[in-house]
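The next part holds the structures, each set out as structure tokens.
One chain, chain A, links the two complexes that follow: it is found with chain B in the first and with chain C in the second.
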Partner chain A sequence: MSAATVTVADAPKAALRHRLAERGVDRTLLLLLPGVIAMAALFCYPFIYGLGLSFQPAKGGVFGAYSAFFGDSFSEGTIWTTLGLAIPASLINVGLSVPISYRMRGDFRGKRLLLTLLVVPITLGTVLTAEGILEYFGPVGWFNLTLQKLGLVGAGHPITLVNDYWGVLFSLIISGFPFAFLLTHSYLSGIHPALEKAAATLGAGWWQRFRFVTFPLLLPGLLTTFCLTFVLAFSVFPSAIMVGDPDGRTHVISIEAYEQALQNFNYPQGCADAMIMTAAMLLVIGLVMGVRRFFYTGSTGGKG
Partner chain B sequence: MTDTAQTPAKTLDAQRFNELRLQGISRAYGAHTALHPLDLTVRGGEFIALLGPSGCGKTTALNSIAGLLPLTAGSIELDGRRIDTLPPEKRGFGMVFQNYALFPHLSVRRNIAFGLRMRKVSKAETERRVSAVLDLVRLNEHAHKLPGQLSGGQQQRVAIARAIVLEPPLVLMDEPLSNLDAALRLDMRAEIRRIHQEFGLTTLYVTHDQEEALSLADRLVVLNAGRVAQVGTPSELYESPRSAYVAAFMGYRNILSLRAESVDAGAATVVGDGVKFAGTVSAAVTAGASVQVAVRPEDLKIAAGEADAAFEAVAEVVEYHGREFQVDALTRAGSRVHLRTPERVAPGDRLSLTVDPRRALVFAAENAEAGGAAEDPGEAG
Partner chain C sequence: MAAIAQAAGARRERRALRMRPGSWLVWALVVFFLVNVLGVIGSVVLDSVGKTWFSGWTPTGYTTSNYSQAWDEFDLGQVMTVTFQITLLVVGLSLLIGVPASYALARRDFPGKRAVMLLFVLPILVPPIAYGIPLATMLYKVHLAGSFTGVVAANLVPSVPFVVYTMTPFIEQIDPRLEQAARMCGAPTRSVLGRIIAPLLLPGMLAAGILVLVRTFGMFELTFLTAGPTSQTLVVSLFSAATSAGIRTAQNIDAMAVIYTGSMLVLLVIALRFVNPTQLVARSRD
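Moving on to the complex of A and B:
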């Protein structure tokens, strides 16, 4: 510092970098420019183009495509079909990840193996998962055969799980759970273990420790996790076709958009569907994030 | 201050017990023994400090007593009732953690009320007791804040309040002052002492700071590598440490490795490279044995003439401390000694040093760092 004050006389002007910093400008941020350009070209432009396109349908004026979507009960129903899959799937994923990651906080033998097993489904593609579900839960799959052997269902009357709602739900859980688990696990490990110890010395049993200390501190993280798994589940497409019933019970909104754009070649309608899908997703996330604001979201490092 | 403090002392009276008996409690992590069998009997109302450097097993001992760590061996009895088999929530001991461990999402009031809530104490009673404790720690105006909005000292007081509102038979404190700055540490030390006196809480206090331990505790337990080095009152330990290890903790900053030339009824003459002086022997030391001699910096005096000098040293670092100088000097043998003197000394000065034989404690040399183990663990009780 003292060296700097000495040289002031010789160099009346401070370095450019310092003068920029005075105004809150950091030149290294310019390195982000290529990324920003790529984002603009590959995401923003198509989005805005699609938005524009959705207001230019062949008939019905500016909002023709939107009124067509909401005027047809079959296409309008895709919103509820998709929500009916995405919300239960996200709830189950978050709900399952809480007790499992809660049990996995400490160190124990085989923890790494268990973590790997829980996370491996991420690496499986949707197609592989779908194929597995088809084989396993199909009418002559192991699951139904076992039920028949146990006499729980009559021979020749397998329960229908694939090409139906349940197959898609399974698929969403298998692919979405690892994400939910990893996020919950890291949120949990951010809660200082001394907090539960303190609660124990104050007379709280394990359920009370979870209920009054860990859970309230974890809740904001769980809501964020819910949003992320919800987004994944809401845009379900391949499994809805492969293990679902794409023309009926799992006719989700992404299939509707796909069919309009690439089978009926009605681009404006497809774009409008995609916009409605985005709006529905943002609405749910907005609601959840709004609720999150009511909870404590500060540090959980134990020092308060 | 006394007025507001006296009221809660009447309304809050800690559950008394006669004695807490720790019998051979130990804790091992695999092959590593963090705490060797520890015997200690704590009487009701006593303030005991566990003193030792980091890693000596003092926090392990505290966590084992709280029930946060299972014992490897031994038992804990409270007035004859065995409690080491109980989980922490059933023991009912209060604990103050080093990092306070306040619940960040609960207000100060709700943090303090947490334990009462877990015990299903009625609302009115909870309200009354929390208010009383808030008075005691002088945090009334902060009752509705979250812990994150408080200063370190205030958080610390909340942690103490939360532990004592349950009127626990025993309060365990794990280095509660180590995260505070020096001035605040002194204030809080007085605060803890005051709360202890008014409340009559039996306290087990873990610290690595000898000053804290000496000023707070009725009895001190000095630990060395998981073993008890000495147990006693502050004055016992301060005036007659039983080993060089304990002496080093009690302010004997100069530990010289020398040889006993002659030993005669509690007095010994010790010699080394250019060093020769008389000292006091407390434990068995035989003539000719290598010894460690402990001397406090303030007991090392600059001799009037060369004739009385025990040894010579060259001043290396001189710090001005107002009333006196703190001098680091090197002896001819190359060992470093610390002394305090009112005389002005400059670095490089050759000093003739002398020491009062009663102020130089001679101990049998310890083989290793861990050698300070209690020769007589039975005394630990």
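Moving on to the complex of A and C:
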């Protein structure tokens, strides 16, 4: 800062240090060094190393690992299995958080308590959620007992929810919905209430206010929320093993990559699977972000 | 819940005295969700103090022996020690690395800043399992996999960017003129850092540190991929116990799960004293 105020007018060839300082480059930037080095060594290098390793499989040439993945219908199917879990889960999470956060955008007593309650499932983590789901949604769990009590299912014929697709979907909703809700809520509270009031003054009903004022302003935020919940759901791992059917209906791509790398010790294949997983995820995010560009993403009037 | 909303509505405006069907539906959804979450947690807690629970609404009898059994069987004393060592080390290191970096990012505008920001945002966006597998492979190559160091190093990957993204907006809102004024009065860099910046940064560092603490304590994927038998954290041993079941009773595993939840809740209560709930999921948007 202090260096930047030195003028170069009377010194046609100012010292390099001053010229750099004018563009914001000075010794303060050395503070960045540890962080950048740590990220380069622990994130970029492994990623590039893994990418390189994925092109050096034991057999099959340069693209051997990739053709092995796409050649085997079991491993190729993991992409669709994962998408089949992640897309419904993120749609449900985002879809539910819109009406709920719209209803709760104002201030009311107990709001902080409610937000706190909603944070709990996120922090519990997937392992504990899965353990709980196994018992709660299990054949003799409270959920099935309640259904039987209400007469919705016949006694002695509990519906199978765990060790199946549904258990994993529930776990994704339990850990993903609060996340989506809190994000949507913070986006929604960033839209100035005066905009809606102005619409109301012009005679718009609540549906029109929502449809033509709030929703268009919220949409870019919703797409970002969708992306973030999708990333979480796409990389589902512990719950797919614990409450799912890891060798069948919930054999997701992260399980496939883990088994290849750390159970079969086929590191090139494992890295290739991880790369395919990243690419598939980036593809979906790229699509959603491409759609996002078509919407208004400017100021929303700030916090009300 | 509905009553709370009604009361709040009535307090402010008479309009919301009778709630519309839409409101009822929304509140019903929230209550249904919370009831199910409560059931999920509650059945684990209840089972952990039960003798046997094969069917019916409640276990057949209650005992606390599951906890002592779980403690001995899973060697939880050692696991807890390792967990806290790893977590605290990660918190300390990520603050040490992250805070200076966020200071530079907050105070300077330099060519390539966007690239540095991208470098710090990617580890938050890419899911741990996607970069964890190459990272574990690399750690195996340099013989760090399974070691304490390896687990700490792996956990730094999401923690450092998290500190950077929590601290940068925090530092941006501290007036740079304070530092300039101190320099004007002749303070050397050491005093500016120690007497001006550090006290102002302390609340932010506390918040960021607690958030990293909570996240590292619950971080499953990275620790699972890189941990060895002696460097497992609580959540990883819980997963191993739950998936390689057989001799162990479900009650013992649940006792362990409750110990995990209890520690997590203690951390969470501490965290919520210092930070806003929305900060736990996203970087602060100040």
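Going forward, the second predicted complex is superposed on the first by the 277 of 304 C-alpha atoms of A that agree within 3 Å, B and C clash if a C-alpha of one lies under 4 Å from a C-alpha of the other, contacts with A are read in each partner's own complex, and residues count from 1 in each chain.
We take it that a contact is a pair of C-beta atoms (placed from the backbone, for glycine too) under 8 Å apart; a residue touches a chain by one contact, two chains touch by 3 or more.
As the structure is a computational prediction, the values presented were derived from the model and not from experiment.
After overlaying the two complexes on the shared chain, residue contacts for A:43 are found with chain C alone; chain B is out of touch. In the superposition on chain A, A:293 makes contact with neither chain B nor chain C. Considering which of chain B and chain C touches more of chain A, the answer is C. When both complexes are overlaid on chain A, the residue A:217 reaches chain B alone and has no touch with chain C. When the two structures are aligned on the shared chain, A:205 is found in touch with chain B, with no touch to chain C. In the superposition on chain A, contact of A:194 is made with chain B only, not with chain C. Once the two complexes are overlaid on the shared chain, A:23 sits against chain C while remaining clear of chain B.
On chain A, the positions that touch chain B within their shared complex are 192, 194-195, 197-205, 208, 212-213, 216-217, 295-296, 298-304. Those residues of chain C that touch chain A in the complex are listed here as 1, 4-5, 7-9, 12, 22-23, 25-27, 29-30, 33-34, 36-37, 39-44, 47, 54-57, 96-98, 100-101, 103-105, 107-111, 116, 119-120, 122-123, 125-131, 133-138, 140, 153-154, 156-157, 160-161, 164, 176, 180, 183, 214, 218, 220-221, 224-225, 235, 238-239, 242-243, 250, 253-254, 257, 260-261, 264-265, 267-268, 272, 277-278, 280-282, 285.
Only residues 1-2, 23-26, 28-32, 34-36, 38-40, 42-47, 49-51, 53, 96, 99-100, 103, 106-110, 112, 114-133, 135-136, 140-143, 145, 174, 177-179, 182-183, 185-186, 190, 231-232, 234-235, 237-238, 241-242, 254, 257-258, 261-262, 267, 270-271, 273-274, 277-278, 281 of chain A touch chain C when the two sit together in their complex. On chain B, the positions that touch chain A within their shared complex are 66-68, 87-95, 97, 99-105, 114-115, 117-119, 146-148, 150, 155, 162-163, 166, 172.
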